[in-house]
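Structure first, then comments.
Each chain gets a letter, A, B, C and D, in the order it is written, and its residues are counted from 1.
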Amino acid sequence: MNIGIVGASGYSGEVLLSLLLEHPNISLTTVTSRSLAGEAVASVFPSLRNRDKGLKFSPSDPSELAASPDLDLVFLALPNGVASEYAIPLCKAGKKVIDLSADFRLTSPEIYEEYYGHPHPEPEWLSKSAYVIPEITPGGWQSQQLIAAPGCYPTSILVPLLPLVKSKTIDTSTIIINSISGVSGAGRKVAEDFLYCERNESAKAYGLVKHRHLSEIEEQLSLSAGTKIIVQFTPHLAPMSRGIATTIVVSKTGNCLDEVYEVWRKSYADSPFVSVMDPGQTPDTKWVCQTNRIDFSAIFDPRTENLIITSAEDNLMKGAAGQAIQIMNIWSGFEETAGLV
Amino acid sequence: MNIGIVGASGYSGEVLLSLLLEHPNISLTTVTSRSLAGEAVASVFPSLRNRDKGLKFSPSDPSELAASPDLDLVFLALPNGVASEYAIPLCKAGKKVIDLSADFRLTSPEIYEEYYGHPHPEPEWLSKSAYVIPEITPGGWQSQQLIAAPGCYPTSILVPLLPLVKSKTIDTSTIIINSISGVSGAGRKVAEDFLYCERNESAKAYGLVKHRHLSEIEEQLSLSAGTKIIVQFTPHLAPMSRGIATTIVVSKTGNCLDEVYEVWRKSYADSPFVSVMDPGQTPDTKWVCQTNRIDFSAIFDPRTENLIITSAEDNLMKGAAGQAIQIMNIWSGFEETAGLV
Amino acid sequence: MNIGIVGASGYSGEVLLSLLLEHPNISLTTVTSRSLAGEAVASVFPSLRNRDKGLKFSPSDPSELAASPDLDLVFLALPNGVASEYAIPLCKAGKKVIDLSADFRLTSPEIYEEYYGHPHPEPEWLSKSAYVIPEITPGGWQSQQLIAAPGCYPTSILVPLLPLVKSKTIDTSTIIINSISGVSGAGRKVAEDFLYCERNESAKAYGLVKHRHLSEIEEQLSLSAGTKIIVQFTPHLAPMSRGIATTIVVSKTGNCLDEVYEVWRKSYADSPFVSVMDPGQTPDTKWVCQTNRIDFSAIFDPRTENLIITSAEDNLMKGAAGQAIQIMNIWSGFEETAGLV
Amino acid sequence: MNIGIVGASGYSGEVLLSLLLEHPNISLTTVTSRSLAGEAVASVFPSLRNRDKGLKFSPSDPSELAASPDLDLVFLALPNGVASEYAIPLCKAGKKVIDLSADFRLTSPEIYEEYYGHPHPEPEWLSKSAYVIPEITPGGWQSQQLIAAPGCYPTSILVPLLPLVKSKTIDTSTIIINSISGVSGAGRKVAEDFLYCERNESAKAYGLVKHRHLSEIEEQLSLSAGTKIIVQFTPHLAPMSRGIATTIVVSKTGNCLDEVYEVWRKSYADSPFVSVMDPGQTPDTKWVCQTNRIDFSAIFDPRTENLIITSAEDNLMKGAAGQAIQIMNIWSGFEETAGLV
């Protein structure tokens, strides 16, 4: 199976590259970047020296890529809004596409425009694509050609929450979510705010009160619940490269802890990348970094009658490149864990 | 005025020392530590080389300290439970005492025992001491002899919240607080969990669901409100030395943003160490580190009807040593900002 | 092939575990630790959740391990001086042993005692063991039963330097070596000096002028040169978890740059984990972290007539666990890169 | 005394501002920046909220500044090459100028051009300015109008080395210098290489073999020695915001340790910001950060006959803004330590 990565110049792209170069079941044939065309992969990403198999960045031309006979599946690691320009021609040419951008994560073009500031470029394709969290998205998505890989914050929130919402285990009227992210979540964006000396020794909330990922979080929760769910989501930055730690307070839900764990254990019994921790244990981003795993646990506070869920993932792995490969593995009939730990 | 520090071997002690050595109105005569007695201050804290004025650690004996004619005011930077052993004899001998431990922060010995795991050693002194946040504690505390300096998390929470609770500006039925702290919050505790490689590149929640500081937060809020207030408080660790970033969600309180700012502006008009930021701005721990300032702002989310307050402080300054010196300044009739920025 | 790890409680042990659990050619059957016996590997190292294959720590008894029929090769990740207690009985029982401690790195028991402060526990075994840098140690070591894996600093120094010394390409009279290490180099040692707040935002030289690894560096250089070589070695700590950056100044050696590169290219033509960079490029620890690779380059300064060599490696990978597995791969006839990147 | 800062938008500018706002003897009247003109100082540097005395950035026009009656002394925190455009008109108008750029650090315009890549803009002023390390520059500089504050690396190297060279205590034929700097040394430069994720968890050498500061280091050493001195200087970056740790190997100099300490003790007996540590002690950047102090020590290695000197300073304090204020203090007859710790 021949694989391509389009737009592999950022941090997610680098991790995708690193993982696909070692993947036992595929052949990475094409790596594109407008700005890096002609350069050797190993000179752009010295972390890949000696194992880049001589790959060079090729130019990013949608129609050329669509016409290439050597591409069966393509990962898009492009900015929001740009991914569509590639996804549609590639799909039309019969390629499978896994898109790491936000372009096909929402079903509603209105909400896309509200959160992303421009009209959706290909609204008719929203219904022809699938948003896939491999562990919980119901079967059937495999027949689509275009898969949207979830965002980093949403993954850390939805994996623990979706099964509880679907099973109506928790009250959903007041859900307060706080996340702490490493700086790579912003991508390789050259801006003063992401300079070492600005982010080092600094913790802060940002993106109040309508971070873009909120659209995706609420849509997925609402689809599962069969009713509109609104949540409070406040992301924070901390001085680390990778990792997201999320704390979810489900307010005044009563002591449903046993049911919560029962739902989780049923939902994730066969999920190699989901690790449910006992109540009282709390996850740590350090334990999941460089892995595709998400760890989480819940505890009930009898004083407040709130349920508190804490989760941790690597934003570039389970929150981006790792999950995209997990999707490819399942889609292609490979072992779910192939090329991943 | 002659000043002593008892138990100055930890991070708060080091900051206290550093600030008091430069303070324009006092003379630092005594620095004690059981384990460091006899050692030069500058050899224990090389950060103070060339400006330690030749001070040496003396032994920590309560009765000797109480008998010393050269001590007018003493800072206690001791573990919880130990501070009392010094505070009472010193007070009885007529010294003023500012205690940085939790021993005199609560008015209820039952709650102290519930949260600190042992009976309060001197319950009758709970009513003879005052818990002082200099900006908002009502006058009168100056006549006490024993002042409890607030905890680090509580300061970051109470400074923005207390005036709103007192003025009944916000609904207090569902308050969700998340804080992110630098590692110095744990003190200079030699334990595996605080090794560099354990905390670096790691974010995690901890202390669920009943961190010790919760007792102090709820007691102060309840005293201000005139009714029992219960909150959800989840602290987190992030890989930085200093700083606390706190995010408070006041649930379903309706759009009281104008009133919130009016109350804050009135309450803190003359407070040099309180900086109220405009809605939409969010504080950053980097901006307050090495200062005694606390920055905060609020924003209203019309979708959720929640009010979100974010604050930032340096846990060792406004959250500990800086605030203790601010208390001393006011107590002693010095300028409030003397020796502080 | 059945593999055991003895003393897997430290950082090198954790990396060894992580790599061996995924290794395609072996079966990890035994993991021992005196202090952790009975505990699940995944509860001690939560980073290994979901992929620890149910392993538990077993007690560390040398004779029991020696008698075990299920062990073909054993990695020792034990303190210096303790490793010998296991190595000898295991060898006598016919097991292969790869020792990550310093116990068998030197050929001279006198130098061992000088640097490690106690007589060598098994001096007669010094000649029955081999010190192996897989890329350059001449063949023949495979017939030994006991292999000493090199130290972290020495690897970063010897890989670039040994072939140049052996081929007499450089003048060896004045070699000045400075290294910067991440904090994991100290192991999981619970000491104040390794607390997060002590090492964060701190750079410093340490171990002057006779760091233990100097013995190993000089012995290897001298063996290659056929004459006694003395160097100046100054290690430094920087605030990062992993990585060693080494800068070697070969003083007044004249412009031998072409010869240097020729020797390197010949020596390392078939070495998948050695990456020689062009003059003018300088390696970065970030590029090699989480890999078994070592990057290095040289430049000649015509003003000083000095040659400057800079190298970078991951101290826990090429500097410890990764290199140990590379040794196992070659020793066992596996592909050299099996289980490694 | 009325003070101005020209070009205060970088990290050195921020520290200058912070120090001058609290300085007891001066009045900070003017802060300029081309790009920030009109903005409030506290909105550009939120770290200065509540204590910025209402200052706004004014435009940076050399002739207007020269004509201003409210400026007695001006600090220039401008890029190399730009500083001259301000320094000369200001001097001609009778202002005192302390320049933090490299424009007036060298006496030779040829060497300036060799290292800075453009002809010196005002070569005739090189002889009318003075390069001042307050502790060791011989008296007389006070009569100049234009003072060049030393570079960060040079300060960490020259303070320990200059008196030894001047007194001919050490052999100067082979001096090897390695420095490790925090990232703020690069200024607030918005470039990919200084993004958080690029510098975090990374150590590397850079600037081989002719870093710009080498010109300043060698010129000062040569002037002191009365003969041309050539050194090897290799700077490194480590993941921290501030601090420089320098290790100097003076090769084959013989055991001159007693003389070294005698020279140092004589030279720095009255220097409040120089702290000579005992042999065997090594300085740590953490101990000097946020101070204007430089710590250093030496040790003799009998095996190599080399002398090893290690120093530590805060690159933004003793290496930039702090030292500039120290110069102002002495120049203006204030206490040397005024406004500094």
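As a working rule, a contact is a pair of C-beta atoms (placed from the backbone, for glycine too) under 8 Å apart; a residue touches a chain by one contact, two chains touch by 3 or more.
Remember, predicted model here, so these are calculated numbers, not experimental data.
The chains that touch chain B as well as chain D are A, C. When chain centres are set by their Cα atoms, the one at the greatest distance from chain C is B.
If you average the CA atoms of chain A and of chain B, the two centres end up 39 Å from each other.
Rounded to whole angstrom units, the spacing between the C-alpha centres of chain A and chain C is 37. Averaged C-alpha coordinates put the centre of chain B at 46 Å from the centre of chain C. In chain A, the residues touching two or more other chains are 198, 200-201, 239-241, 283-284, 286. The touching residues of chain D, counted against chain C in their complex, run 174, 176, 178, 180, 182, 198, 200-206, 208-210, 230-232, 234, 236, 238-245, 247, 249, 251-252, 280, 282-286, 289, 299, 301, 303-304, 306, 308, 310, 312. Of all the residues in chain B, the ones that touch chain C in their complex are 11, 183-184, 188-192, 194-201, 239-241.
Taken in their complex, chain B has these residues touching chain D: 18, 22, 46-47, 49-51, 201, 272-275, 283-284, 286-288, 290-291, 293, 295, 341.
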